[in-house]
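A, B, C and D are the chain letters, set down in written order, and residue numbers restart from 1 in every chain.
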Amino acid sequence: MHDSGDVKIPIGPQHPALKEPESFLISLRGEKITASSVRLGYNHRGIEKACEARTYTQDIYLIERVCGICSHSHSTCFVQAVEEIAGLDIPARAKYLRTLIAELERIHSHLLWLGVAGHEIGFDTLLMYTWRDREVVMDILAALTGNRVNYGINTIGGVRRDINAKQKEEVLKAMDILETQTKYYIDLAQNETTLLKRLQGVGVLSHDDAQRLGAVGPTGRASGIDRDTRKDDPYAAYGELDFKVISVNNNDVYGRTLVRLGELMESFNLVRQVIRKLPEGAISVKAPRKIPAGQAVSRYEAPRGEDLHFVRSNGTDKPDRVKVRAPTLANIQSVSKMLEDRYLADMPIVVAAIDPCFSCTDRMVALRDTQNRKKNTVPWETIRLKGIKWYKDKGVDFASLNKKLSASF
Amino acid sequence: MNEEAIKQELINKFPYLQEAITIKRKGRIFAQVPADKFDAVFAYAVKEMRFAALSAITGLDRGDGVFEVIYHLNQEGRILLNLCVGLEKDKLAVNTVTAYCPSADIYERELEDLLGIKVNGLAAGYRYPLTDDWPQGEYPLRKDWKGNLASKEVPDA
Amino acid sequence: MLRALFHILIFPGLLFLFVFGFLAEYADRKLYARFQNRVGPPWFQPIADFIKLISKEEIIPEEADSLVFKLMPIFALIASSVAILYIPILGERAVYAFNGDVIVVLYLLTIPTFTYFLGGWYSRSVYSMIGAVRSLTQLFAYEVPLFLCILASAMLADTWSISGIAAFYSRHLGYWFCNIIGFGVALVSLLGKLEKVPFDIPEAETEIVAGSFTEYNGRPLAFFRMSFNIEMITGASLLSAVFLPFGLNLHPAAVFLCYILQIFFIIAAISFLRALFARLRLDQMINLCWKYLAPLAFLQVLFNLILKVVLPR
Amino acid sequence: MSHPGKIGRLLIKMLFKKPATLNYPADHSGMPAGFRGKLKFNSLNCIGCQMCMRDCPAGAIKIKKTGEKQFEAQIDLARCIYCGQCVDSCPKKALEITADFELAQLDPAKLKVNLNAANKNNP
């Protein structure tokens, strides 16, 4: 894999291109990548072990924080598994509201991805514009659910908040604004030369490679595998809604961009359908505190791909085992395949194209003392204090700053 | 190929699975497979019955000294076949399935790291998800592991 | 002697360049932000950044050659500020003009790129080495078209001194239009020299952290960023002197106003181009330069040669 | 027909439009009404059943008995994740969510807020 001749450069775990910690070891000959290996696990926080120590209601909020961007996907997937074990049949209105928030989350996740992709290839204007438009859908989500990201709309047996007529108007108005913007971005992605140059033919994953390596979601659908859990294994209200599964055969990053933009357009009319067909009735059903023993597997089409939760209960109010398989885990294995004989400059956009989603943990830092050559492990705390002391010697005293600031509060 | 037909075909091929297969609901088939016959059933399901995609591998410690490994296979995304293998505490080993599904590699490393289930034939590589300086013999997802790691002195990296 | 000191230290020298450099950076960043529908930084942001960097602790990597590490920013600063003395700012006459100062200015403007290479190479980090090599490869791609365009207009003006070129075109106002292709190519090459977005490959933030400046911090980084600002001023005034000879012999105040307007127009063009494109890969950038910029420059030279014969003196 | 600089027209248009970013905190537009921020405690309705303490995912709320039929809620704003589960679990509507989200403090001790019966208008 890594022969000794090439220059080996580490990308990550702390690297501006990768928003979250995953580390790649890339060996280069000139500008060409000859081999790459990926190292994961920096974000392991032991969520599955923690779930076994908490009740089901508390677990919803823990599972929601597995991923910062697609929190609704994980909480819906978990709650559906628990409802299936408990045999709860949630009211139709709750199903439609879950689908509404799911599609709004897909819209904000794809717009975020479009901006990050633009930033990875140095097109910051696209980042600024897409993230400005994303604020429209974030405000809608904040108004509907009470928070911009971790919505907390799900509870076992249904949803916690309802939607009134005025909010329905706002959602429809926002969809029209976003649809015009997305049409412009589709036209831009297809016709802007520098964008095309940086996206076409990059990160190629052929159809059977994608199948063999188990690529899911937009990464798979850009290589011709049209698997979409919303269509194959419908959950919530997707059974009663009609929509197309977007899949192209470009097999490269450009194809993934087209798939995500196509899905944005699909999400807009899905949201309109949900608002139009929203049935009347209760929004949640009373759920028992102790869930009877049993097991269930629930699947969900997260913005990044198929998300799978396995829950096993043992009759108490705490789950016996919760297994979360995030979509990125399935896609990360095809990254090494995509990176083969690509340029180093394509590395960030190829990694960003599968839209990886991790988060970071507290780490020790190993500092080598140049005078006495002794290497010691310095925890964060000492570095923080060293920083403060260093500035104090320079006459900048933070204590007085605190007093001044707190006086003004 | 609906759930009934799949169940019937499995039972014809492997008669000992007669009462071990249950259809929980549309698209979910659970099958309890004895450990020694697991490789044959898995190969048959992947090769002949087009359960080509391995969605995930779940490992769990039932607490009563029996561990379980569940292979979630799906057929064109619609039907999920969950092959469940029980393992005794003293003989915690399974054979790798990376020959049929290369994507299983990272799921099997997770089994090894978090539950200590030995996967024979798994290629060498980085451990996932725990760190390199994680002490040997500590398997966090086991029921008897209480996470008293903080007290132990972390070896110098 | 006093006049020389005044020229070096005050007017077209360091003080003017510092202040004008901060103003130019502010205009560039504010316009770039407004193009992207953002509010943009306050006017004192560049000065604040400079002061913050100056007050920071200076950490030099152990393997790096500390002498080279410290000296390169100073050389970059000197090279780009000395070049301004040969470029006419107030009217047609630069402070020092002799027949051949075009070559001197062009070489002085190339030195900063070499200092980025040496600074990056000697700070021994993997990212800065790759960034350093990239800035050199990129240098050869955009340098040739830039030289050709400026030499083309020098040929038409039949002189090797920038002041002479400016004087010639201000007398024959009609001729400046035939250099329009040269102006376009020179503008794009200036983007390459200043390492702005379509060509900021050596400093690609998302690939190699900060390219050759990865290990730089504190005072050296402050001087490097300062040299970028001054290089922007010098490059822009070179382009405006050679290609935009407007209002060179009016009332001195009007001349200075024209100069400021031209510099502002060039900076606006730079930030517009910066907001317009995605960053190219190195191989694409070199293709672009050799497939489009160089032929256009040759066309400009050819065009000027014909004009030299046809046009009355 | 792909050509470079396709976004040019939009750039010029954006130059003359109002920027979309705000100068927070000077420009203080705040969050929509239903936003989940700091808790409010009506101590009169509280019966001390501690259902909220049981359901709180972060263990951020403590209910103490300060007298006959008088209860005090101690909320740790640092641990609280503002999910509002306690508001739903409370059978007596003693807890409410306000939209106040600017709760940063320099002194960590100030993050432990005591909402008790004494002051009606909760700090």
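Keep this in mind: a residue touches a chain if its C-beta (ideal position, glycine included) is under 8 Å from a C-beta of that chain, and two chains touch if they have at least 3 such contacts.
As the structure is a prediction and not an experimental result, all values here were calculated from the model.
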Labels of chains that are neighbours to subunit C and to subunit D: A
Where subunit A and subunit B are represented by their mean Cα positions, the distance between them in whole Å: 26
Length of the line joining the C-alpha centres of subunit B and subunit C, rounded to whole Å: 62
Approximate Å spacing (C-alpha centroids) for the pair subunit B, subunit D: 42
Contacts with 2+ other chains: residues of subunit B: none
Sites on subunit C at which at least two other chains make contact: 35-38, 275-277
Sites on subunit A at which at least two other chains make contact: 125-126, 129, 132, 192, 194
Chain-level touch network, classified as line, ring, star, complete or other: other
Contact pairs between chains, per stated definition: A-B, A-C, A-D, C-D
Subunit D partner contacts - residues on subunit A that touch it in the complex: 54-55, 57-58, 60-62, 125-126, 129, 132, 135, 139, 142-147, 150, 152, 155, 160-161, 184, 187-188, 190-194, 196, 402, 405-406
Contacting residues of subunit C [partner subunit A, same complex]: 35-38, 55, 57, 62, 126-127, 130, 197-198, 200-201, 204-209, 275-284
Complex interface listing, subunit C residues touching subunit D: 31, 33-40, 272, 275-277
Complex interface listing, subunit A residues touching subunit B: 37, 39-41, 44, 46, 48-49, 84, 211-214, 227-229, 231-233, 295-297, 299, 306, 308, 310, 312, 320-321, 323, 325, 329-330, 332-333, 364, 366, 375, 377
In the complex with subunit A, residue positions of subunit B that touch it: 24-25, 27-28, 30, 52-56, 58, 60, 63, 70, 72, 76-78, 80, 82, 101-103, 105-107, 114, 126-131, 140-141, 147, 154, 156-157
